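Shared chain: chain A. Partners: chain B in the first complex, chain C in the second.
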Partner chain A sequence: MIIWDALAGPFIEFGFMRRALVGVLALALGGGPIGTLLILRRMSLMGDALSHAVLPGVALGFLVGGLSLPAMTLGGFAAGLFVALASGLIARLTPLREDASFAAFYLFSLALGVMLVSLRGSNVDLLHVLFGTILSIDDAALILIAGVATVTLLALAVLYRPLLLECFDPLFLRSLGGAGGMIHAGFLALVVLNLVAGFQALGTLMAVGLMMLPAASARFWARQVWSLAAVSIALALLAGYAGLLLSYYGALPSGPAIIVAAGVLHLISIAVGPHQSLLMRYRTRGV
Partner chain B sequence: MGTGLTIEDLSVAYERRLAIQNIAYTVQPGDLTAIIGPNGAGKSTLLKAIGGFLRPTQGRIMRSPEHGAVAYLPQLAEIERDFPITVSDAVLLGRWRRIGWFRAADAADREAVEAALAAVGLTAFAWRGVGTLSVGQFQRMLFARLMLQDAPLILLDEPFAAVDQRTVRDLTQIILDWQAEGRTVLAVLHDLDQVARQFPRTILLARRLIAGGPTETTLTPEHLEAAAAMADE
Partner chain C sequence: MRRLPTWLILMLAAFPATAAPIRVVASFSILADLTRAVGGDAVEVTSIVGPGGDAHVYQPTPADAGRIEAATLLVANGLGLDDWLRRLAEAAHYRGPIIIASAGIGPLLTGGAPDPHEWQDIANARVYAASIAAALEAADPDRADLYRQRAAAYDAELADLDRSVRAAIDTVPSVQRRVITSHDAFAYYGRAYGVTFLAPVGMDEESEPSAAAVAALIRQIRTAGTRALFVENMTDPRLIRHLAEEAGARIGGTLFADALSPPGEGGDTYVTMMRHNTEALVAAMREN
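What follows is the complex of A and B.
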């Protein structure tokens, strides 16, 4: 019973802990599959870059409307989409490769975003935007996150096959007359959408962590796309739960605590996961 | 049932550098044609233009019938070979026109996959991940997918690069069967002995068309020298 009290007590006792857990569940449901696809498409770094690209948009929203959910969300979504499209366009029109173009945009965006927030806000506001406030998440934000998760899962259900095919064998998809470019754009929009949802809870710096770390860990546990996505969701949820407890008992900021938990799960996956982990490597060598 | 091709004054450029220039050639329905030439001669470019993946800078390619399906085998480097998909599912992609974005595979689809896997000797590998296959096995799997596509025009970009001799022999037989069925096949190849033995027609490229037509009149020392000289320019 003591263990039960320790593990479930904070969530039974406090509404804000329950809300945070629901938020994490919704983030995991959308972010798990998106992160899995980002890795399969070798776009992990682009996810990272896009998460920073959201910042100046959020900051503009903040300048206009203060800590207002619709203004910051809309700004973040617009900025993310703009950078995604601009990077793709620059990669096509100039010799700069898409990943280099993303990197350039993201450094620029991060600096610009911090500057914009500082124009009006305090350091507390800046921390709020960068690291999120999942423990004080309100109904509107929860509905937004859950809505994004719903849209993401439905859109992925529709785009699932062409998305995977475009990543496995892009020329094959094109030989069937498939619109690879449109599918890529739709996918990038989903990535931005999930990052904007994640920023509410975890901040622009940490949002991508709950997307990428569980997805990167999943490959040590599963071997097919659907199971990779399912494991990502489970690991993200576990990280969210463990991180919230960590932040509760340690009086630590919740966003970073959740990502640290995801990081620990990642290290465990690398060490002892059933597929190609260090442990398996050691065993198959029969040492 | 094969597709005929008329290539008229075709040029294709990448970033304003011409990869192929002023190609004119006619492929009769049912032709089995090898595309050869030195490195950088534009062989893959020509194949991609025929497949409709590259837009001509100049000239055009006409297919007859116009809307027949095209089955295209990419170079291995253009495929994600570690992708988490089973051999069976990868071959099933050949039935995309029937299955598409949403339909489930039915018994007929599954049987077709089994038959194609048997034909390329991969039955035992059906449920393995594609990442576990050797280069030769991977190429066999892609040929099984091509079989399911059942297309009148088949384009093969370096089907035998880094593939073991036995696989080359088995897959060549499949290509000859396709020709016997009346399909039009174009393949980018490097092994000139194999071209001379098994491919009735040949296109020799070095950015421009050096020669094209029956293999015995195309694969002459003079033509090959001319191609090598143009490649060195």
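What follows is the complex of A and C.
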């Protein structure tokens, strides 16, 4: 009973804890499969780059519409999508490779975002606003995150096969020509969408953590793409739950606490996961 | 020696008091307003930290040093709030007087350090105004009479203000005079007018809040039965809205603590600021 109180009590007593947990669940549902596909497509760092690219759009949305969820979301989505598509386009039209082009654009975008942030000379510190906290998720933000998760899962159901083939044959989508390009663009749009949703809850730096860390950990627990995605979702949810408890009992900021929990789960996965973890490696050698 | 032209004589006779105003630089907006109230048109007051700015975290700029260099008098609050003014004056090679407006008022101690927000008690603001008037008289003796007259009139206005604040607070039953606020600036107000200001448990304005802090504040509101909540400048304004909703509290609006509001926003002079704060506090405490 005491353990039950300790583990469930905060969520029973406080609405904001329940809301945060629901927010994490929605983020996990969208981010888990996206993170898995990013890793399988060797685009792990792309998520990080894109999460920074979102900043100037959000800042612009804030300058125009104030603390309005639609303005900031729309701005962030537009900016992220622009950087993703422009990088892809430049990679095709010039000798610059896509990762280099991404790096260039996201650095440019990040600096532009910070500049826009400082334009707002009022007392409301935009940086604080930009580093959203999961404890302050309201109904509108929750609906947005859940909507993004829904769209992501539906879109992935449609794009599943071509995306999967691309994972194992990186030239597959290019061989499709125009259709391949559309699928790639659609996938990038999903990535940006999930980052914008995560950013509402966790801020730019942390949003990508809940997407990539569980996906990287899943590698040690599952083999098939669908099970990798499922394990990612479960690990992200577990990290969110543990992080919220950590934030509650340890008086730690919630966003970093959640990502630290995901990091600890990652270390555990590397150490003792059933597939090719350090422990398994040691055992097979011992035999 | 040639006689002065007639038109010049006429002009000098027509405008005997239009000597150039003396330049005064105050460290922040509230002091600037008090100086303006006492000095009127005879002084040209600039404030280094403008309305809405925070004097605690001010960063000097070269333009500020320039303004200080050209000043006849500097007005500082003292008690650690604006120590940077003295350093800035030295850097700008300013040789004139610096008046410490809070001099002579015994400060409250918070955690061993003196609390600099003395102006939140109107009795103290009257001392501020008198000190500033005396400094203006010394710096600009030609217009000493003017300063003395204006200071007396302003003192009467502040005395009125003090009475009206007391009357407004008195409309709230004394058990209800409790407010939770993140501002640490209201100790003097609380002492002078009998309002208890509770600091929100666990919250601080700069760092990202933890779940523990939010939970503690909700519990505090529930158990203390204090629904009047003035907590702002949080990392995320949505958080506090949200929290108030969950705890059944009422967000009391804006209190101007360390700075006046920008012009036209209800607290752009010391007098309107104190009125605004009192109205907001009374309205919120009635809900307790």
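Everything that follows uses one rule, which is that the second predicted complex is superposed on the first by the 266 of 287 C-alpha atoms of A that agree within 3 Å, B and C clash if a C-alpha of one lies under 4 Å from a C-alpha of the other, contacts with A are read in each partner's own complex, and residues count from 1 in each chain.
By our rule, a contact is a pair of C-beta atoms (placed from the backbone, for glycine too) under 8 Å apart; a residue touches a chain by one contact, two chains touch by 3 or more.
Every value quoted in this text rests on a predicted model; they were computed, and no experiment measured them.
Trainee: So in the superposed three-chain picture, is A:A262 touching just chain B, just chain C, both, or none of them (first/second/both/neither)?
Mentor: neither
Trainee: After superposing on the shared chain, does chain C or chain B touch more chain A residues?
Mentor: Between chain B and chain C, the winner on chain A residue contacts is C.
Trainee: Thinking of the overlay built on chain A, is A:F16 touched by chain B (first), by chain C (second), by both, or by neither?
Mentor: In the superposition, A:F16 touches chain C alone.
Trainee: Between chain B and chain C, whom does A:V148 touch in the aligned arrangement: first, second, both, or neither?
Mentor: In the superposed model, A:V148 contacts neither chain B nor chain C.
Trainee: Between chain B (first) and chain C (second), which, if any, makes contact with A:L252: first, second, both or neither?
Mentor: Only chain C; A:L252 stays clear of chain B.
Trainee: Considering only the touch criterion stated at the top, classify A:A216 as touching first (chain B), second (chain C), both, or neither.
Mentor: Neither chain B nor chain C is touched by A:A216.
Trainee: So, does A:A239 touch the first partner chain B, the second partner chain C, both, or neither?
Mentor: neither
Trainee: Can you list the residues of chain A that touch chain B in one structure and chain C in the other?
Mentor: Shared contact residues on chain A (touching chain B in one complex, chain C in the other): none at all.
Trainee: Residues of chain A touching chain B in their complex?
Mentor: 40, 158, 161-162, 164-165, 167-172, 174-176, 223-225, 228
Trainee: Write out the stretch or stretches of chain C touching chain A in their complex.
Mentor: 52-54, 202, 207-215, 218, 233-239, 241-243, 246
Trainee: How about chain A: which of its residues touch chain C in the complex?
Mentor: Chain A residues touching chain C: 10, 13-17, 20, 67, 122-125, 128-129, 131-133, 135-136, 138, 244, 247-257.
Trainee: What does chain B use to touch chain A in their complex?
Mentor: These residues of chain B touch chain A: 48, 51-53, 70-72, 74, 78-80, 83-86, 90, 93, 96-97, 100-102, 129.
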